[in-house]
Structures are given as structure tokens and as C-alpha cells.
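I'd like to ask some things about the structure below.
The first chain written gets the first letter, and so on, giving A, B, C, D and E; residue counts start at 1 in each chain.
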Amino acid sequence: MSKFIKKASKTIGLAPGSLVHVGEKILDKPRVTIIDYDQEKFKEKEVKNVEECFPFKESPTITWINIDGLHDTDIISRIGNYFDIHHLFLEDIVNTSQRPKFEESDKYIFVVLKMLYFDDKEDEIKAEQVSIILGLNCVISFQEKEGDVFNPIRERIRNNKGRIRKSSANYLAYVLLDAVVDNYFTILEKMGEKIESMEDELVAHPTPKNLQIIQNLKRDMIFLRKSVWPLREIISGLQRTESNLIQDSTTIYMRDLYDHTIQVMDTIESLRDIVSGMLDIYMSSISNKMNEVMKVLTIIATIFIPITFVAGIYGMNFDSSISKLNMPELKWPFGYIFAWGIMIVIAIGMVTYFRKKRWL
Amino acid sequence: MSKFIKKASKTIGLAPGSLVHVGEKILDKPRVTIIDYDQEKFKEKEVKNVEECFPFKESPTITWINIDGLHDTDIISRIGNYFDIHHLFLEDIVNTSQRPKFEESDKYIFVVLKMLYFDDKEDEIKAEQVSIILGLNCVISFQEKEGDVFNPIRERIRNNKGRIRKSSANYLAYVLLDAVVDNYFTILEKMGEKIESMEDELVAHPTPKNLQIIQNLKRDMIFLRKSVWPLREIISGLQRTESNLIQDSTTIYMRDLYDHTIQVMDTIESLRDIVSGMLDIYMSSISNKMNEVMKVLTIIATIFIPITFVAGIYGMNFDSSISKLNMPELKWPFGYIFAWGIMIVIAIGMVTYFRKKRWL
Amino acid sequence: MSKFIKKASKTIGLAPGSLVHVGEKILDKPRVTIIDYDQEKFKEKEVKNVEECFPFKESPTITWINIDGLHDTDIISRIGNYFDIHHLFLEDIVNTSQRPKFEESDKYIFVVLKMLYFDDKEDEIKAEQVSIILGLNCVISFQEKEGDVFNPIRERIRNNKGRIRKSSANYLAYVLLDAVVDNYFTILEKMGEKIESMEDELVAHPTPKNLQIIQNLKRDMIFLRKSVWPLREIISGLQRTESNLIQDSTTIYMRDLYDHTIQVMDTIESLRDIVSGMLDIYMSSISNKMNEVMKVLTIIATIFIPITFVAGIYGMNFDSSISKLNMPELKWPFGYIFAWGIMIVIAIGMVTYFRKKRWL
Amino acid sequence: MSKFIKKASKTIGLAPGSLVHVGEKILDKPRVTIIDYDQEKFKEKEVKNVEECFPFKESPTITWINIDGLHDTDIISRIGNYFDIHHLFLEDIVNTSQRPKFEESDKYIFVVLKMLYFDDKEDEIKAEQVSIILGLNCVISFQEKEGDVFNPIRERIRNNKGRIRKSSANYLAYVLLDAVVDNYFTILEKMGEKIESMEDELVAHPTPKNLQIIQNLKRDMIFLRKSVWPLREIISGLQRTESNLIQDSTTIYMRDLYDHTIQVMDTIESLRDIVSGMLDIYMSSISNKMNEVMKVLTIIATIFIPITFVAGIYGMNFDSSISKLNMPELKWPFGYIFAWGIMIVIAIGMVTYFRKKRWL
Amino acid sequence: MSKFIKKASKTIGLAPGSLVHVGEKILDKPRVTIIDYDQEKFKEKEVKNVEECFPFKESPTITWINIDGLHDTDIISRIGNYFDIHHLFLEDIVNTSQRPKFEESDKYIFVVLKMLYFDDKEDEIKAEQVSIILGLNCVISFQEKEGDVFNPIRERIRNNKGRIRKSSANYLAYVLLDAVVDNYFTILEKMGEKIESMEDELVAHPTPKNLQIIQNLKRDMIFLRKSVWPLREIISGLQRTESNLIQDSTTIYMRDLYDHTIQVMDTIESLRDIVSGMLDIYMSSISNKMNEVMKVLTIIATIFIPITFVAGIYGMNFDSSISKLNMPELKWPFGYIFAWGIMIVIAIGMVTYFRKKRWL
């Protein structure tokens, strides 16, 4: 459940804008890295003291500051103060239960996203909050922990591959968003495989345990949907914004990104439909098994109950010496064979009936 | 049911705008408190006579009048008259079955909200109506009973913490709304815990009583939804209003609040989906148990019915002295062991069949 | 079904605007009453001849003409002609299967509504059509039969209570609409009580008869929804109309009325959700009872089938005089007690198994 | 299925605008009739050669050309050429699988509709395509076969009843549309009656055949909905069109027609809800019957299994001559009565238990 | 599952706009064909080297370049460079998991579509991606493999049939889109036939295998919907575009195409409704069969259990020589017939009871 509602209790009763970290503390110490580049120059360093970032603010080169680890609210607050970021934005950055959102002010565009990854140990989807602040010549990104999703981007900047080094800060922001959205496809592939293998199992050997797994899949789909749905508005907002922080040339990329987001959502909806159909397969597999059990019982019972009755008849102790009407069969020379004959006729009749009814 | 439809009968047939208190009388006597402050000054007092509030209306300082208890319509009416509040607004304040709404006039912005709390005794969510009137330099709030949700705000005003003392009346109104919305998260956490513990129980030991609890959870979700849904329009209205009672600087806070409202609603929808999935778990747990019962019956019956038949055969009284064809087995030296042999073979055959069918 | 589709056959093939009464004839003779008032004067009379109303049209005082009974299309037509009402409006007034609607022309605002009442005899919700025409200084209302919903309004006019006598015709129209909408709450309370008592019964003793009642509740909810849903557009239309027949001062009342309509609809939706959940309770109560029946059968059968088999064994007639291997138990001094011992052990074993499985 | 998807294969691969008749050939030869009228004059004739219609085009009187039978694409094409109708419109007229649509050009307003009728032989709803072209002084209507829905209109024109002869061509077009929509109410009444009689049967004697009928009703509702749904846009388009082919005075009639369409759709939705509820009644009637069967089995079995066991006990052959412990009851003078006593006590105990459980 | 989520993994981490073919490699070598025409001239050739297409770019005649096979990204890239197509468009062309989309730039209109065909071998619907680029005098189309859907169009161009040779490039683009949409109707017919034959089978002989087929039909419907749904926006975009690449005269054709798209979607929705109703038929057929099995068991058991009890009674060994009360029936001359009489009366009573209950 904690996936859906994080303990927000500690923030309740506080003044709006108070910086309180909501979420797990994953890293010991936040890690701050700076990449500063333009088409010719490139500089990358990890800083111990957050103040080392500040000189880059004024430089005409593009600066990407990445902070991994959000529990040290003091660092966040110092960056916020220096870069003049609204305290409500800072509150959103450290509250990892924040809904994905998009805000723009004169100086900044602020985006909160969910990075999804599949936790193989607990066999469920988890989300990490990623916040991106786009300024005139700088991008500041905040992650809960060190991630490898942005590594290919760093590599492309270092090696001056693609358009990043030739473009301005808003293209970098787009590339970061694109990396997050692309990553959703990996999750969807994973989910697709789980669903497929689950289905084969359901058809072959449905067990009560499957039900639990179906419920977990359903919940994962709800969670996925909840994490991705707001993205639509965000990207659409970025696309239509009149802020001069987004150049016209970036708009076509944003439209492409919007398209991918829609595709992610379409796929989630399709998977949801398929997952909710799985319960029907399960329930009717159970019904089928029950039917089979009932049929076996019925066949056995309806064959043996009548012939046991016949055996019961000739087990009666009526005194045949008193009257010829009292169980004369017992005295017949072929009496025993006669009884077996009746019983065999009954059994064959029953089996024929079941054959006709297609139960056998 | 009374949660959904309050007895509105007493107001029917009355002229619109008649002040009739609809709801329970919770407090003996309404309690009126005033907090009057600006950046330097601070004054707090509880008044016996509502007229004591009136002088504060004209002062340039910000005045927050809080009324706990709505059953004394006379007090409400006197405040209404003095502050020149439309009689339809007053009717809404005392009718606690009012739907959350937002109205603005030249002089006032009027908001009706539902404060939710979890009643541990009756194990269900209850709602209390909170009305807030925002004037130029004053905020008047009405509650059904004394609540502790606004206490941290009072504390912050007293100690001049946060931005309240430095800001104007519309910020105070925002802070009150924020406190109500924040409180929803507490309720959602509570519901989340209930749902989680319920689910574990459902998987382990489903009982008919669980069904009742699931229905109650469903109803709670319907109730939550009904209480929170209109909030969206309200906050959205406050955000977009052109009234000069809301300053531009407050708009960003309103947007943040809107965001929280959306998040509350998202979570409610997710929980609704999960709760409605619980019925499926319950129904299929019941099916599984039934299946198990049927299997035990079938296994016992299909093993013993045929062998009881064999015993029945040799309980027949055909006279073997008349013909050698009449039950010769009874005269065999190993007849009894032969009979047991047949029965054991049948039993083993059945068990093997069940093993193959994976019923055992 | 007739609630949903009234026999409209008689109007088919006729020219549009033909006055044909569709509905039951409830009253013998239509009843026409006039209330004419301004702040000082008040006059009320019942007229035999509809033409007696006509002089009031020109008077500057406010005139409320109320017609009970719609089957005499001649009267409707004479009023229509004199007051210059479009013949399509007149057709709508007498066709009681008309959907609630709102039309405005230069001279009139025309509203068709459904008045709902609970028919205790047939235990279902019925609807009566109410049409209201608002002119400059007059309101004409048409009802299928004499109703008591407008009586409190008449009383208020007579006694000059509330705002009616001080306000103009559009306020009177609002008050009439308000009375109709207020009446819906009474119906909803009634439904709420029925649902609540039904639920208690479902949990205690579900019977097939309950199913029928649930279906009727469902149908009532569909009918309610269908009757109330169009109201939203109507009131919203009245609120936004630019017709000079609705004064600005009345708009706030219309907004309040709109609010009440939304609240009625919210409550209907909540009740619908609850009613559709009742089928789940019913179905699973049935499942639970079936389970219990099956368990009793299984317990009895699985205890007695094996021990009956034991009794069957010792009822066999193998000749123990031929060989010591043939049923030596029969000759044992404690044979009978031994047999009982086996049977008791089996029975206890079964009971223990069921205890372990929590079936007992 | 053919109701939902007509064989469109023959048109695939052809150039757009190719005239290919899709549908059944119902009439041998198309029938072309002309009605030409104004307030004074009236002329009606059936023409053999479609060219006979052409002179009417130029006359100032209103001309209504009605073509029954669409399979002779040559006639359609000649009319189309002379009246200068776009070839895409002609394609739509002869393709009877066309979705209802509304198009306007400078000279014409073009409407495609579905006329519904109930085929008593096949016990299902069928649709016929009706296309109406409204020109300045002429209306051209195309039907698949001769229908009687337009006959009352012809009668009214002939006898100069109603407003038709006094009005212009667009009023005639409205009257034709109104006739089609009015006809839907007849279908809905028919459906309503079928549903009602079905429901009574379901409650009394549910059989598997009912299920098939419910599915057919569902399909009929889907078909109805699909046929009527687009009408909403069409009428709404006609109402809002700025074409000078629709006079202002006709707009109020169009609004009335729109209202009827909405009412048809509301009723369809209500019936859909009711029909989908029928499956629940059916399923739970089946459950109830199954329950009853199980109860009978359980009662018989649980009464007789224990007492048969008692009979089995005293059918054992333990040798009472060997020991007094071996079945002493057999030697008791009241042994037989004692055995009956036990059996009667068991039977009464069971019946009492079932009474308590309310199974009897 | 691969229908829903194609392995997009290889593109993740790459710079946006990188040309990576996602999908199966179906053809050995891409096949490039050119058709160049105007009203008089016509030229058609297959080129080995893509550069041979380039001279046609400048010619005033209309050029249609068709590329079958997308795995050779080098060819795509060379065409893209020469025709100055945005690299994001090229990425979409080769990534066959692209969602259908519509983009316009100054020089080009770019459309991605799904061509659907029914794979008889795997008995499921498959999709092929078709991209169309419309320039001023040229249309470039990309397909995954050689298809026959465009062949009739080629034929029409060659033979100068229809309007193509007389119209400009945007009409050609429309004709291509029209061919794709027309093809959907073929798929829908196929699905309709499958559903119909499936339904007949379900009513006659439901088997667990049917369930799997129903699930596949459901999935096909989800897939269809996902493929066709975005088309609505695309065609609607083409219709409303202000680009001068689409002439006014083509707009009416686009509107017709939009209409067909809506009709495809309507039909998909109807089929979805029907398919989801099939599960209900299946489940209740299963219920009916189970009921029948239970009835047979119950009838056999409730007839034979009581009469077997009677036989058991007279199989008891009470010593009738000790007392006259001990089983005197055994000594009656008509005892045996008396016992049969009792058993026959019980059997007839049971059968009568079942008749009355309508179980026989």
C-alpha cells in the first residue's frame, strides 16, 4: 500500500513550503556532479560542497547540475536560495510522494517526474522521483539515488555525439525527459513478459496462488497508470508553453516526446484490459475443474448406487421357506448370474447415457 | 445511509434562505474566538457575545473569527447581518448537508468544505462541514465542533512562524484550506492500512463477515469521493478567480493546493480500484474453499462407493447349495481374501487416478 | 416499463404541434386557479372558465395561473392562443412523456420538469409532469393533478412571508422550481431508508425475493436518474440566459438551485453505486449458504460412507467353516467390539480432519 | 452479424465515388414518385422515366421526389448528374451500410438516416437507409423499399392539413426527419414490451433458452444505439447550420426534433441498463435452482446415510453364539424395535436440524 | 504480447533521431518503385539505386515513390537527406512500433498508419506500418513488405481510370489512405464471421477451449482498437489542416474518409460489446451443464438412497425366533412383495416430486 500513499504525516501541520524529506533515505550522503559544456569546451566534476556549483550560474556555457539523494534538505535549500527557486518547488523536490507536475515561472521551468524501475527482489514496480529545473543556461536535476538512466546522456555529452553539445539547455532538458519516458518502455516490456508467462500457467494449472499474482499485476497496472498519467499534461504543457526557455526548434522534439507518452499510456490501457481479462480465465478454469470433479463423482455414484441397491435386495433375509413369493430368486439355479446380469445392464445403461450426454 | 442523505425534511417548504440548522447538535454552546494580527501586533480572545467581534471589522489588521458550533442560528444570523453576508450563504453554513461549493461576491469569497475524520468507535469515516468566508482584511471560519486541525495554524500565528503574519488575509484563507486538504492524506493513510490488513485476512481466512467489511470499505470510498470531488472545482475556481480578494502572490499557493487535491483524488481512485478488486479475491477464495470441500467428498465417495458395492455383493443370500453357479466365491477357501483384494485394487486405482488428476 | 416509455403511438403520424394528451386522465375536470399579487394587494380565485384569466395578463401585478389536469387540450389551447405561446410548447405540455427541457423565446421562458413522488401502494417512484411558463408579469404552471408541493408557496404569498411578494415574477418561477427540486430530497431520503432496511435483510436472510427487490431498486435509480439528469442543463440554462425575463438579482438564487441539483445527482450516483453493490452481497450470501449446505453433506457423507463400508464387510456371507481365512473376525469373541472400534476410530479421524480444516 | 457489418468487399479497391449498390435488392424496379405543390396547387404522379422529374427543378413550387429502391445505380446517377449532386453523396446513397451523416454544400443539404422497423418473422430489429437531399425548392428522398412511414405526410399534403403546404421545402425536410424519429418511439415501445414479458418469464421459469434471448436483446440494443447515436450530431448540425437552406422559423422545429432524439437516446440507455440487469436475474435464478437441488440431495442423503448405516450394523454376521459381546442386540426381544427407535431418533434429529437452519 | 509491445530496447539510450529499425526483417532487399504521371504522361519503373529517384523531385509531374522494406536504414536515410525530411520523421518510419501519427511541416505532411491483415496461419490479426509523406508534387510511401492493397491504385493510374491522373499529389495521398481504411472493413468482416461461428458453437457445445478463443478475440479487439483509434485524430487533422499541401477540393474527400474511420470505430465498439457478452454466454452455459449434472446425481441418489435403506432394513439379522417383535415381516408370506411395494411407492413418490419441481 505504501506505494500508493507515502507517510505524509510528518508534513501535516507544518507551514507550506517547509522542507521535509518524505521517503526513504537511500544514500549516505548526497552526491553533487556538474557537467559544464558548450560546443567546444567540456568540463565534468563531482563537488563536495554545493557552493562550488554557484560560479557556473553566470557562465555562458550550459551547466547541468545533478544531485543524487534528497534527504539532506540543507543542501537542497542552499541550492534553492542561490538559484532563487520558489520554496514551494523545493518542498516538492524533497517530498517524494509528489504527483508528477509542471510549473513555470519567469526564470525557471520546473518538472517533477517518476522514474520507474523493476525491483526483481520484491518482484514489483518501484518509482523514484526525478525533478528537473530548466533555467536559461542551466539544468538542475534531482534524483533519490544514483541511477544509470542518465549515463548514456553523459556519455554522449562527453564524446560530443548527437545534437546535445550543439544545442542549448532546453534540448538537454528534453533529452533527460526522453530518457525517463524511454525507460517506461523497458518496464512495459517486463510487464508484458510477466503477463504472457502468467497466462500460459493459468490455462495449464490454475492455483489459488495465481489469484494473488493477478491481483499484484492489477495493482502494478494501477500504479503504473497513476505514475504515467499526469505526464501527458506535463509534456503537453511543455509543448504549448510560451516561456522563452523552450526554443521553437525544441518544440518538434517535445511533440515527439508527447507522442511517446501517449503510446506508453495506450499500452498501459491495453495491458490493463488484458490483466482484467485474466481473472475471467482464472475463475472459469476453477469452474471447469469443479465441473470435472462433479462429473467424476456423479458418474461413479450414479453407476454404483443402483447396483448396490440390487445387491442390497438380495441381501434381505425374507424367509423363502414360508412362501414361494419370498425371494424365489435366491433358490434359482442361475439366481446369482441373474443378479449380476441386472447389475451389468444397469451399469452399461448408465455409461451409454453419459456417453450420449458427452460426459464421458 | 445517513452519511449520504441527511434529513433535509425540515427545510422543505420553507422560503429559500431560511436559517435552519441541519445536522447534529454537538456542542452545548457555540464558541467564538478571535485572532487579530499583523506583522507586529497579535491579539487572541474568546468572546461570549458575538457583537464583540464587530469592532475588528474596520481595523486594518487581519482578523480571523472562528465559530465552533452551528446549531445556534441566531449567532450566525447576527454575524451575517453585520458583515453583510448574503442570506443564501448563511443558509449553506448551517445546513451541514451542503455540497462543497465556492461562491464569490464583490465583498466576499465563500467556500464550503468537508473536513474528514476517522471515527474509531464506529469504525467509519465521518465528515464535518467547514465554511470559510474571506473578506478584505478578515477570515471567518465556521465549524460544527471544536477541531484540532486548525491548532497548528494558531500556533504559527502566535509564534510568528512561517509567512502568515507577513501576508494578508487571503494567505490565511489558503492556509486554512491547506490544513483541510492535508488532513485528507491522514484519512487516506488510515484507509490504506485498513485495506492492506483486510487483504491479508482475505487471502488467509475468508469469512462471510469480510464481505460486510468490503462493502463498508466500498461505501467509505464512495463517501470520500463524494466529499472530495467538488473540491477540484472549488480550488480551480479560487485559482482562476479575478476577484481582487486573492492576490497574485497567493495564486502559486493555490496552484500547489490544486495539485494536492488532484493527488488526493488520484489516490482515492486507486484505492477504489483496489477495493473493488477485493470482492474478486473474496469470491474466488470462497470458490476455492468450496472446491476443496467438493474434492474431499468426491474422493471419499468414489473410493468407498465401489468397494461398498463389492461388500454388498458378498452379502447377498443366494443359495449356493442349489447350484454351483450361485456365489461359489463364498465357498472358496480364499474367498474373503479375494474380496479384500478386489476392494484394495479398486481403492488403489482410484487414488492413482486422483493423483494423476492432481486432486491429491 | 410504462414508466420508461409511454404509449406515444397516438401522436405518430400527426402533424408536429398537434395537441394530443399523452398520459393518464387523472382528474375529471381541469382546475384553474389564479393568484394575483403585488407587495400590497393579493387576490386568489378558482375560475370555471379559462377566459376569466385573460384580464390579468395586462395588469402590472404579478399573476400566477395554475392549471391542474392536462387531458382537456381545448383549455390548454385557449390559454396558449391568448397568451401567444408557440404551439410546439403546448404540445410538450400535454405530452406527459416529454423529456425535461428548457426553451426561451422573446416573450416567454418555458420549462418542463418532472415532479417525483413515492407511490406507497405500488411501492415505486412515479413522476408527474410540471410545466412552467414565465412571462413578464406572469407565471403559468401546468400539473397533471392537484399536488401539495406548491401549497407552502401559496401560503407564503397569502401571508406575505419571505421575499415572494416583494419580488417579481421570475422570483416566483424560481420558488416553484426550488419546491420541485427540494421535493427530490424527500424521495432520496425514502430511497435511502428502503436501501438501508434492504441491506440488513440481505445480510440476515437472503431469499430469491430480495433479488426482485434489488432489481426494482436499480430500476428506480435508473428512472430517477433519467428524470433528474436533464435538470442540470435546464437550471444551468436558466442561470446563463441573457433573457431579460430573469433579473440579475435572481441569478444567485438560480446558482443555489443549480447547486442543489448537482447535489441531488451526486446522491443518486452514490445510491446507484450502493444498490449495484447489493447484488454482490446477495450473490455471495447465496454462495455462502450453498457452501454451508455442501459442508453438511460432505461431513455427514465422509463420516458415514467409510463406516457403512465396514458394516458392509462384516455383512458378507463368506463361509468361515471352509477355511480359517474366511472372515475369522466373525468368530472372534470381541469381533463386534473390534468392528465398532474401527468405525469409531474412522469417525473420530474424520472429525479431527474437519476440525483441522476449520470446517467444524 | 450482417446487421453490424455489411459485405462491403465489392467496393474495396474501387475509385472513391464509384456507384456500387451495397445491400439487398428488395424491389424489382425502382419506383419514382413526384409530389409538386404550393399553397394553392397540388400535383402527384409516378414516373416511369426519371427524366420526367427534371422539369420540376426549375418551377417555383416545392417538389418532393421520392425514389424507392437503390439497386439501379443508373437512375441514381442520372438524377445526381441533373441535380448536380456530388458523386461522393451518390456513393453514400447507394451504399446502405453508410453511417448516418450530415453534409452541406452550397446548393444542398444532404442527410443519411436509418429507418428502423421490427421484423416480426425473424424477431429482430432491421434498418433501412433513408437519404434526404434538401435543395432550394425541392426535397429528394431515397428509400431502400416502399415504406409507409411517409404516407401520413403525403396525406397531409394532399388534404392541405397542417403547415406543410404553407411552408417551404426545408419544413418538408423537417417533417420527413420527424417521421423517421417518431418511428423510433414505436420500436422502443415494442422493445419495452419484449423486455417486460421476458422479465416475468425469467423470474418464473428461467431456462437456458432465455439466455439466448437476453443476448439477442442486448445485441438489438447495441444495434439501436449504433443507428441512433449519430443522429444527435446530425440534428444538432441542422440546427446550428448557417446554410440559407434552413430558415430561421424552422430552427425551433429542429430544436424540438433534437429534443426527441435525445429522448430516444435516453430511453435506449435506460433499456440497455435494464437488459444488462436481466443477465444478473438469470444467473441468480439459476443459482437459486441449483441451491434448491443441492438442498434436496443433502436433506435426503443426510437423513438416510446414517440410518442406512444403522441397518448395515445389524446386517453384520458376527457370531453371537461365540460370545455375549457379539451383537447381543440381535437376541434382544425388542432388538428390532430398538433399531427402529435409533433410526427414527436420528431422522427426527436431522429434520430438526434442517428446520433450525431454515432449509425446510 | 509482442503485438502490443515491440522490443524497443535497442533504441533506448540512443540519441533521439537515431535511425534504428525496430521490427522483423521480412524482405531481403528493399524494393523501390517510382510512378511518375500527369494527365498525359505516365512512367513506372523499379530502381536499384535509390538515387535514381532524385531527378523526379524537380519535375512538375506527380511522383509516387514506394519503398517496400524498412530494415535498410541507409536507404531511408539517403532519401530523407535528399528530400530534406526531419530526422525524427525518419526515426518514426523505421521504428515499426510507432503509434499512428500525423505531423506537418512547411514542406511535408507526414502520416504513419497501421495496415492490418489477417494472418490465417497464426489465426490472428497482424499489423504492418505504412508511412506516407506528402510533398508538393510527390508522395513517398514506406511499407514493411510488398503489399497488394495499393495495387488497384497502381492499376487505376496506369489505365487512367477515376480522378487520380487528373488530380494533384494530395488526391493521390488521399487515395492511399482510403485504401488502408477500406482494408479495415475486410478485417472487420473477417472478425464478424469468426464471432458469429464462435457464438453458434458456444450455445451448442461450450468447452474450456472456447474460453481461450474468446480471450483471443478480446485481445484482437483491443489490438484493433489501439491500431485504429489514433486514426481519428489523424484524419481529423488532415481535414482541418491549413497547410497548402491539401487543396480545398480534397477536403470533401477527407471528410468522407473521416466518416469511414468513425464507422470503423463504431463497428469495433459494437464487436467489443458482443465479444464481452460471449463470456457471459460461456459462463452460463457451463453453469447450465453443471446444473444438469447435479440434477442427474440428485435424482439417482434421492431415488435409490431411501430404497437401499429399505433393503438394508430387511438385511438385518435380528433373531425373529426370540420374539414376535423381531422382524416379523421376514416370516410374512407376502413379506418380499411388501418390501418391493414400499420401495416402488418411494420411487414413484420421488419421481412425482421431481416432475412437480420440473426437474424431469
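Here is the rule we use: contacts are C-beta pairs under 8 Å (C-beta built on N, C-alpha and C of every residue); 3 or more make two chains touch, one makes a residue touch a chain.
Computed from a predicted structure; not experimentally measured.
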Item to complete: Could you check if the interface between copies chain A and chain E is built from the same residues on both sides, meaning over half shared, or from different ones?
Response: different
Response to the item:
Separation of the C-alpha centres, chain A versus chain B, in whole Å, is 25
Worksheet item: In whole angstrom, what separates the CA-based centres of chain A and chain C?
Response: 41
Response to the item:
The positions of chain B in contact with two or more other chains are 287, 290, 294, 297, 301, 305, 308, 312, 315-317, 327
Worksheet item: What topology does the chain contact graph adopt: line, ring, star, complete, or other?
Response: ring
Worksheet item: Beginning the circuit at chain C and going via chain D, which chains come one after another?
Response: C, D, E, A, B
Worksheet item: Which residues of chain A touch chain E in the complex?
Response: 152, 156, 161-164, 174-175, 178-179, 182-183, 185-186, 188-189, 192-193, 195-196, 203, 252-253, 255-256, 259, 262-263, 266-267, 270-271, 273-274, 277, 280-281, 284-285, 287-288, 290-291, 294-295, 297-298, 301-302, 305-306, 308-309, 312-313, 315-319, 322-323, 325-327, 357-359
Discussion item. Which stretch or stretches of chain D touch chain E in the complex?
Written reply: 1-2, 4-5, 7-9, 11-18, 86, 88, 92, 97-99, 101, 103, 205, 208, 211-212, 215, 218-219, 222-223, 226, 229, 279, 282-283, 286-287, 289-290, 292-294, 296-297, 300-301, 304-305, 307-308, 311-312, 314-317, 327, 329-337, 339
